[in-house]
Every structure is written in structure tokens, then in C-alpha cells.
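Each of the next two complexes has chain A plus one more chain, namely chain B in the first and chain C in the second.
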Partner chain A sequence: MVLLNEIINTVLKNRGKEAVKDIDESFHLRNDIGFDSLDLAELTVRIEAEYNVDIFEDGIVNTVGEIIQKINNK
Partner chain B sequence: MNILITGVSKGLGLITTETLLKQGHNVYGISRSKSNELEELINDYPENLSWLSYDLSDAENVRQKLFKEWIGLKTPLHAYINNAALAYDDIVTNLNLEPLEKMYRVNVFTPMMISKYAIRHMLLHHIKGSIVHLSSISVHTGYKGLAMYASTKGALEAFSKNTAREWGEIGIRSNCLVAGFMETEMSSTLSADQRNRIYKRTSLKKATSVDSVAETIAFLVSEKASSITAQNIHVDSGTI
Partner chain C sequence: MDLFYSDISKNQETTWDKLLDDLNNTTKYNPYCYQQDFYSVFKHIILSLLLEKEIVLLDSDFSKEEIQKLTGLTNLNKNIFPIIKSEKQVINNKTELINRIKDTGSNWSMTLFTSGTTGLPKKVVHSFQSITRFVKTTEINKANVWGFAYNPTHMAGIQVFFQALLNGNLIIRLFGLSKEQIFNSIKKFDISNISATPTFYRLLVPYQDSFVCVKRITSGGEKFDEKTADQLKQIFPNAKFTNVYASTEAGSLFAANGNNFFIKPEMEPFVQIQDNELLIHKSLLGKSAFSDSEWYHTGDIVKIVSENPLQFQFVSRKNEMINVGGYKVNPGEVEETIRKIEGIQNVRVFAKSNSVLGNIICCEVVKTSDEIDEVSIRSFLQSKLQEFKIPRIIKFTDKISTTRTGKIKRS
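Let's turn to the complex of A and B:
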């Protein structure tokens, strides 16, 4: 979870957006964190490089909790 | 720069690879087989030219074979040059589905998958990379017997323009190099009469120079072309 938070904030930083603190599993990627589709693409490749999971390969992912589920189910 | 290019065993791909190596770039070159000329180039540039035998009709294993096992996720990629192509030429009434599907896999589907993973690679390394697709003047003028081939290149032109629009705000560029008829193996099945008729339709009245096309590709992937994206750049002896 700590690493995932870091990845999320790296993407935000790279795209010139403000870091988000106290991220929990209920956070919505678009509404709460403020990701757009290109941010989500960068998030996907960073998670893939770290965990070898393509989170969007089989459907849409909306929340931080859903990402954690995909990583744990690999 | 680290540059991925397909179709490096002969013709334009070989010359472009040599042009990029002379400029000091690292080239990741793909072809099905290794020609003598390619072998020589690998011997001349053992540190800078990495070669992979891969059949581009295989769109499924692009990520695993090209990006994970060969280039490696840790190596930043600055450019992808989609040069390899199959030419299935015939008049439309003789069209066969099987060779058509194979040509679409090699010319369109696998290059789209490579573009996907090249862009992902660029995102991972935060690189404002560049993609160049080789297109053909046949898309714009039309020639008897080239309807199927030209349609694959037309697909690439549309794909490139939309890729450029989609990824421009990240700084990733995509362009097409629209080549005229060159004296390469690709056009070797044409008769002398067919060639002359094609060359008569150009302003310069001659074949397109392979070197001129290779130099323009090298320019398009370079920083010098940093404001050029979503374009079709014609290098075609002024075909009319």
C-alpha cells in the first residue's frame, strides 16, 4: 500500500498535479485523486513494472481498493 | 537515443539503421532473417546494434519478446520506426482473404501493438519519444494492383494522426513518412515499363532516393523535429 501510494503520487507529480495524502482503499481514481485517462495510462505502466499486473487488461478499475485486489490476485 | 526499428535486413530499413548508427544512436533492429549486409553492419557496430529475429505476423508476443526479454523494461526507448511491411499486390477481383489478413497483421496490427508498448515504455521512463510509420505514395495517388497494400498504409496514416493527437500533451510525437517508389526489393516485381510510368508521374522524373528517405526518418525522430507531429511527410520525388 505504501508503494502504491508512492506510485500514485509519482504520477501526479509527473503530470504537474498536487500530491494526495492519506490515500485509502475507498479512494476513487478519477473523482478523489483527480486522474484523467492519460494519468491512468502512466499509473498502469508503473504498476505493471512493479507488480507485473496490467490493471486495465480485463475491464475498468475505479478505486484504489480494486487495484490492490488485482495485485493480490495475480 | 535508443531506437527500435523493424525490417532491418534489407532495403530502406537497412539503410536507415546504418544512418542512425552513423549518427551515434543505439539501434534495436528487428527482421525475420539476417542478410549478409546486416551481418556486416552488426560486426561494424557490435556495441550499438542489437538484432532480434521476430516474425511480425505474431502480434500476441510483442510485450514479452520485444519489450520484456529483449529491450528490457529498464532501457529507455526514444523512438519507434515502423518500417517492415508485406506487399500483397493484385487486382481487387483476385483478392484472397488469407494473404490479405497476413498483410494486415504484419503492416498494421503488430505495429499498433508495438506502438502501444513503445508509448507505455516512454511513459515509464518519462520520455518525450517519437514514432515514425512508413507510408506509401500509393495511399494518395492510387495505382493499379496496389489497392490492398495501400489500404494498410492508409490505416497507419490514420492511426499515426490520432496517436499524435492523443499523446501530444505528454510530448510524444507520431508522424508518417510517405515514401515514393524506391529501387528496392519491395518494388522489384514491377516491369521496366511500369516503373517508367510511375516515375513519369513525379516532378523529378525519377525514383525516390532511399538515402533521402532514411535521412528524413532520422530527422523526424531527432530533437530537430520537436515541433513536427501528426503529419504525413512526403519524400516522393514530387509525385503528382
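Let's turn to the complex of A and C:
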């Protein structure tokens, strides 16, 4: 999931935040990565453009693992 | 050679004599004007005035289905009727033509359709008096040459057309031409007046040359940003800049120097500001289906600068505000801020629906410098705008899409 890591770090860098290294599936989007709702909104657009899946379509997604699940289940 | 109209993109030059010939030799009249060629539209309008018959202006890019929805007709040619010679005297010269048009009576009417940002365009019917309310015919205006920078079947274009026609001015097509063709036309014909949307002007700047022939630059339809205005002043050093407020429903109403609009005392009883929205009294509107209430809600959000005399600035369109997670974003404000960045020529801000926030702010940018990228735009905006107003998706493009009226497209 190198690409997903890149997307997450693009969103962080765009906001002037520090990039996060060694992201794993247990990472919580808000608590560990530091996303707020604006970042999450941007994340969905970028993931949709890349994987053609809207990760928040059926409700809240909390962790990196849950995103990967959504992408794999599309 | 006394020219009436020219279009350098088509190598077209039409004299007043040719116009008179065309008018005198026309034997049929169709109230529906559905033509692509600007001259044909102008000739059609003049013919309707001479005959004192209704004219219905249809955009040349309306589809057959749209035409049918708007007019209820499947065949526009069914309404063509022969012109009876006794109804239309032969016109011998330009002065006679203009005087005849000035005498147009109450039988004449013009139907236009608003560009309709939502759903089907609205129908608006104008009288000669309501459509020419702001036309000024004076000796000074007689030498003007007009750069025609609007769609000829839209209200703004009609206003320019009547201003030029009743003063006997030459009209030069600029709408839909390339930047080079526009500047070539200005130079070739010594254009003195241009009226256009800020979007049109933004496509002209920057430019290395300057043109002293242009005496007046008028803009309307959107807020004008200072950066473009400054660049335009370099290209047109002799021009006075005016901003007008006009709508399809009411025609031209107010003028402004810079962005502050002022209301003439005689207009004050017809203007109201309610919850920051500009309301206009129905007596100023064309005859139309929706003017049954006393005040017409323009949908234009204004900010009062002074109460007495009344002065205000336009802030945005009511239906253009983008809701981002409950916060309202004015796309015009975001565009204005982005345009301040060195190396950015034009920008369009729009909403994309989003499962997290309802909407997310996106923008398309035309850049003139390689140093501009997503990160540099964002870091500039971070000190200028609230976080939720900053576009989250920035795309680089060669050209900004505009509406049929020449304003920036929002969706």
C-alpha cells in the first residue's frame, strides 16, 4: 500500500503538516495521523480518483486498515 | 466607407448602405431569431423594430429540445410571414434609420431567456423603453467604435447593441475571438469602447502592447479584481473604468467607479436591501411571468458601504455559496485571493460533492510560471483565508471554462 501512504502524506504536506513514516494498518486516521475533517474530505477525493471507491460512502472509517479493506472490497 | 459591423475572424465588413439594402429587400419576417452570425442577429433586431413586431431571441447553441421546451414549437419557420410593402417604408440613409428606430412604439417587444444557472432559462419580455433606459445619445458618443464582447442574444450584448446603434457607431465583434484577434481588431478599427465580463478581460492580460484609442472599459456580471484592473490600465492607459450592474430581468441599473455602486436619488425608491440581498421594484423590470410580487429578489448579495447616499458592493451570488461542512464559502472571494498570486493568470473555484463534508472546494488554475504548484498556492492561501475556504483539490489547466454569457462556470 505504498500508494496509499503517498496519498496520506500528500494530504499532510498540503496542509503544511509533517509526513508520517511507517504507516501501518492499525494507524488511526485522526489520532495517529492527525487528520481533521477537511483532511479526511480531501483524502476521500484522492482515494476515489486513484481507486474509484468512496471510502466514506457508507459511514465513518477510522483506521488505515479499514481504508485498505474498502479498497480491496470494491 | 461608413461601416456598420465587422468581424475579422470571418473577414466580414458590412457598411450601413449594405445594411439598408438588406433591410429594404427583406420580404419575410420570422419573430424567432435563432442565428449564429452576429450581423444576422443585429439585422433581425433592426427589422423587428422597423416593423414594430415582437422578436424572440434564442441562443444559437440551444438544442432543438431546448427550443421546443422554451417556445413550445417544433418548427420555428412556421411563424414566418410576408412583409406587406405598405407596412415598411423604404429607408434612404443611416440618419433616417436611426430616427425611425428611436420612434419605436409600444407594439414592439423583445423576449430573452436568462442564462438560468439552475434548470430551464427564464423568459423575460422587454419593451423598447425598458431596454433602452440607459442608452445615452450625445454628440460625443457619435464617434465611438464598440468592441462587442458579449453574446448577441443575451441582455448585456443587447444593451451594447442599442447603445451603439442609436449613436450610429461601428460595432466590432470581439466575443469568441482569440487574444491576438481581439488586439488586432482594437488596433485596426481604433476601438474606443469595450464592455465585457471580468472573465473576458482576464483572458486579455498580461499584454506587452498598449492601446491609446480605448477610452472606456466597462465591466459587469462579476466582481472585478484589482490585479486584472491594474494590468488592464497598462494596456489601455487612456481608458476610464466603469462597472455596471445589469440583469436580464431589469437591464442596466447602476454604475460604479471601482467596486462601489451608487444609487441615483431618482432610483432610490426602487431599490431595497433586505438581509444583504438586493431587491428591485417590479416597475423597473421587463414584463415577465415572475414579477407578480412587489419586489424582485435578485439573488445578489451586497455589502452596504454607506447609507446616505446609498452605496454598496457586490459580494456574491446567493446560489453560488458553497456549503463545506456547514461553513459557507464564497467562490468569488477564493478566486480573488488566488488571483493575487504572482504567476497565476486565471482561476475557477467550484464545488465537488463529498461524502465527508457535503462539498469540497476545488479549483482549476491557469499558470504562467513553472514555480507555481499545489503546495505553493496552498501555503500562500494559508495566511489569507480560513482553512475551510482553501481549495483541497487544485488542477492545472490551459483554459478556464465559462458559461454562455462569459462568466466563470461554477459546476
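Assume the second predicted complex is superposed on the first by the 74 of 74 C-alpha atoms of A that agree within 3 Å, B and C clash if a C-alpha of one lies under 4 Å from a C-alpha of the other, contacts with A are read in each partner's own complex, and residues count from 1 in each chain.
Here is the rule we go by: a contact is a pair of C-beta atoms (placed from the backbone, for glycine too) under 8 Å apart; a residue touches a chain by one contact, two chains touch by 3 or more.
Owing to the predicted nature of the structure, the values given are computational and were not obtained by experimental measurement.
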Ask   = When the two structures are superposed on chain A, do chain B and chain C clash or fit side by side?
value = clash
Ask   = Which of the two partners, first being chain B and second being chain C, lies in contact with A:A41: first, second, both, or neither?
value = both
Query = On chain A, which partner's contacts cover more residues, chain B's or chain C's?
reply = C
Inquiry  = Output check: A:E57 vs chain B and chain C. Expected answer is one of first, second, both, neither. What do you get?
reply    = second
Ask   = Given the touch rule stated above, what does A:N14 touch, chain B (first), chain C (second), both, or neither?
value = both
Inquiry  = Once the two complexes are overlaid on A, one stretch of chain C runs into chain B. Is it 5-13, 221-229, 257-265 or 365-373?
reply    = 221-229
Message = Residues of chain A that sit at the chain B interface in one complex and at the chain C interface in the other, please.
response = 14, 38, 41-42, 44-46
Message = Can you tell me which positions in chain C touch chain A when the two form their complex?
response = 324-325, 352, 354-357, 360, 374-375, 378-379, 382, 387-388, 392-393
Message = Could you list, by residue number, the parts of chain A that touch chain C in their complex?
response = 13-16, 37-38, 40-42, 44-46, 54, 56-57
Key: Complex interface listing, chain B residues touching chain A   = 73, 119-121, 123-124, 126, 167, 169-170
Message = List the residues on chain A that touch chain B in their complex, please.
response = 14, 38, 41-42, 44-46, 48-49
